[in-house]
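Residue numbering begins at 1 within each chain, and the chains themselves are lettered A, B and C in the order written.
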Amino acid sequence: MARTISYREAINEALAQEMERDERVIVMGEDNAGGAGSPGDEDAWGGVLGVTKGLYHRFPGRVLDTPISESAFIGAAIGAATAGMRPVAELMFIDFMGVCFDQIFNQAAKFRYMFGGKAVTPVVIRTMYGAGLRAAAQHSQALYPVFTHIPGLKVAVPSSPYEAKGLLTQAIRDDDPVIFCEHKALYDTTGEVPEEQYVIPFGEANVVRDGGDVTVVAIGRMVSVALAAADELAGAGIQCEVIDPRTTSPLDTDTILESVESTGRLVVVDESTPRCNLATDISATVAQQAFRALRAPIEMVTAPHTPVPFAGNLEDLYIPDAQRVVNAVKSVTSWER
Amino acid sequence: MGDTVVGIVANPLSGRDIRRLVAKASVFPTAEKANMVQRMLTAFGVVGVDRVLVGTDLGGISAAVLRAIGTRTPRDPPWPEVEFLDQDPITQTAADTVNAVRRMAEAGARVVVCLGGDGTVRAAAAACGDTPLLPLSTGTNNAFPQLREATVAGLAAGLVAVGAVDIAAVTRRAPVLRVDAAGRSELALVDVCTSVNRYVGARALWDPAALTELYCTFAEPDGIGLSSVPGVLCPSPRDEPSGVALMLCPPAEATWVVAAPIAPGLVVPVGVRSWRRLEPGEVVEVATPRGVVAVDGEREIEFSDAPAPRVTLRPDGPRCVDVRAVLAGPARNRLIQEVER
Amino acid sequence: MTDTLSTSVAYELKPEALHDAYRTMRTIRAFEERVHEEFATGDIPGFVHLYAGEEASAVGVCSHLDNRDTIASTHRGHGHCIAKRVDVKAMMAEIYGKSTGSCHGKGGSMHIADLSKGMLGANGIVGGGPPLICGTALAAKQKGTGGVGVAFFGDGASNQGTTLESLNLAAVWNLPAVFVAENNGYAEATSSTWSVASDNIADRAAGFGMPGVIVDGFDFFAAYEAAGEAITRAREGGGPTLIEMKFTRYFGHFEGDQQTYRADEVARARETLDCLLRFRGRVTETGQLSLETLDRIDAEVAELIDEAVDEAKRAPKPRAADLTTDVYVAY
């Protein structure tokens, strides 16, 4: 039975239902319980944006507050995973990955390989990404490309409440380390989400909207931006096929290639900065493997190669919007040699 | 006339052993030991000491003092000339204390201030000869050194050094226990104890079940460490030449069971079978057939079979400065200037 | 004559335990010395960092551990691996990059691990281990196994943020963890008296809310007793401890400047302090083990190492297809 809930609630529900099902699942992070480890509060914080609210009392002893020590507690989550737990650690802002990156990319990502297939590290690191809340340069980045680059990690970027619950449930059940990237501007958005548990497999893109004229691949929050652009373009007689990869690692290149074989045109919408991001990665893959099918150069709609500005008008210019997607689609559909 | 020279040796490793873990022994920061040295330098400056010899260590005490010397401002009180004794290799063992004190004695130091616990003072006593010692407690068990504020102790040591006092009136020769075992000879300022542990191991003693015999130069009721057992049961004052000898055993076989503070935070039942006075010069052969001899609370010598270890109480230990006696006596006139009007 | 007096004493090592401790220390020493020789021939790829001289620390600590306990090590990890009972022949094969190695040749010297024995791996990242041990200790606490986590790290890692954070986290979460700082006086070319502001690593413990103890790292019995107390305390819910094993002797001036040390003096000092020599002397003096027994152990170990090297040299290299396996669990 599906009903309308928010992105935040969907994540909370995925956590709660998995914790109910599997006692090995534990949650840890800054302010994840009451803040300052304070027990007994009716209204425990449940995370800086309330995503883990209510879990502390429902699962005593399994929701841990941490000091501001990312290296230590992300590392601890990873270590606990190798010892048979299924931890879900929260890296509050993806921008903070710098202070714990070694534990993620040199330890968790490499144990399975380095130890000859003998390690299992089923850790999930949930983290907030994205611009739009005027949080400025060090709290607004979209750094999932950096994690995508690392062999041994899996990266999920849910675009809606439905995606969020299904992907998080899969992430917790997955035996590999998963970086779960939640866009902070999506927490209050709502959508239809089944009450019961379900999983969305990794490496399976979702064709959100069918269309024969152009393939628009969009990551995370950009899916809704692409859909808004697609609506406007439909009015102009251009039918967009909008594809949500859902996971950037593994990436469902088959679905994307199949669509481009059919449309011959590709626009990639990626909120992250342009050097070595998902747009360049997907574009290169398509250019290499579907060159003959392409009828126009590939367009990438991304943030500029700058930090995220604070001033509202500048931040609005920074974030790819529907208008820029519309322009890009029109460009590829009107391209003549 | 000649230089008035004072020596200061500070043990960076005092207060760092397993008693931090098995008891609640004090954590005495290195910074505090360095501060104590500096407080003394100020006091020495006031009473006119010419030169101070400071032992060197790899635990940060002498390095901090060196830094402090290098960052003095004109507003700071004058300090005597400081010379760091850096000629001997630093081994991070008791040998460092022994080497430093030996050099200070050879250089004519009038008094040597020693910062540490019983173990440190013991090492200093082995090398000081007739030079008076002023032990200041910064270690774990401080049964022997007194807990005294360093500035005041510095004034007293300085007054002794500049000759403002009759040394005989303000120093006392501490009795010592000499123990000969396994071809080695050690001096104890407070206690010699035999234990059935086979090995020196982590050195400290914290398990009363292992102890068999205890010999003390003195035993005060308000003492800390092994001497607190006789201190509570059969006290033997510091200023008396005789000591005390106890045969220990498991509480079940004991005549008395004493709740004794054998280490900071550790008040445990110690079984005593018997005790008697120990006279100076009396040579006692240890009855325990094999085990470890502990000196001043630390396991030191492993022994087994013949010959049995021997313990002798002797009156000729180090001369120790009585700070109160120095400052209560005429020497304090040096601190008073009568102003002519 | 039976020795009834010793049974009540804590940490009294029976002859079998002494036998085992000596064998393990000798195995580490022989292993490292042989790797040193073989590395010089160019047969061994990559980097090796040898643990010879510090055996008393690894064995003194790991003698108290079993398979529910975990350890994390450093890039200088062979000693910890052997002390934690990782298979010696598999280790040698791994160092040679062969498919029969502990990690099928995919890890090498700096990443030897055996999770079934609770050995989380040697680690090429300085300070990489302590956070992981917070994790395994947390898991042990959550599951109620009574297990402990021991993080071995060096004086260099003692300054790394990950280590300091882990000390704090372990205290805040009251984890069954023991942190063992192996201070051999140098991190690469930098002396620890220069780089560690408090000089004694153990002095930091008080600032992190746990006891800090300094131990002579060359003395097996001292290491064994101190580790025993800390591990027991952790198992009983008493929280973490920081033990600093000191392997330093004369290392330059007291100012802690980065002075060149007199290598010959250091070498001489280490010879007289060698943990294996001292162990031999003391157990034979107390009569617990005979020289013949000890020499026999030496011979058996030498044979084991010879076999390990022979087998490693003859073992097959990984197949080309192994390049892309085990990146993820499923593929």
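Everything below uses one rule, namely that a contact is a pair of C-beta atoms (placed from the backbone, for glycine too) under 8 Å apart; a residue touches a chain by one contact, two chains touch by 3 or more.
Bear in mind the structure is a predicted one, so any value in this text is a computation, not a measurement.
Any idea which chain sits dead centre by C-alpha averages?
The most central chain here turns out to be C.
Select the chain at the greatest separation from chain C, using centres from the mean of Cα atoms.
A
Centre to centre, by mean C-alpha position, how many angstrom separate chain A and chain C?
Centre-to-centre distance between chain A and chain C: 40 Å.
Provide the C-alpha centroid distance between chain B and chain C, rounded to the nearest whole angstrom.
Computed value for the inter-centroid distance: 35 Å.
Please work out the Cα centroid separation of chain A and chain B, and write it as a whole number of Å.
About 66 Å separates the centre of chain A from that of chain B.
How about chain B: which of its residues touch chain C in the complex?
12-13, 16-18, 20-22, 27, 29-30, 56-60, 62-63, 66, 84, 86, 89-92, 195-203, 207, 209-210, 212, 250, 290-291, 302, 304
Within the complex, which stretch of chain C touches chain A?
My answer: residues 70, 72, 101-107, 111, 113-116, 120-121, 123-125, 128, 130-136, 138-140, 142-143, 149, 161-162, 165-166, 168-169, 172-173, 325-330.
For chain A, which residues are in contact with chain C within the complex?
26, 37, 61-62, 64, 66-67, 69-85, 87, 99, 102-103, 106-107, 111-120, 151-152, 154, 175-176
Considering the complex alone, what residue numbers of chain C touch chain B?
Checking each residue of chain C against chain B gives 3, 5-6, 8-13, 193, 198-200, 202-203, 205-206, 211-215, 219, 221-222, 224-226, 229-230, 233, 241, 246, 248-251, 253-256, 265, 269, 282, 285-288.
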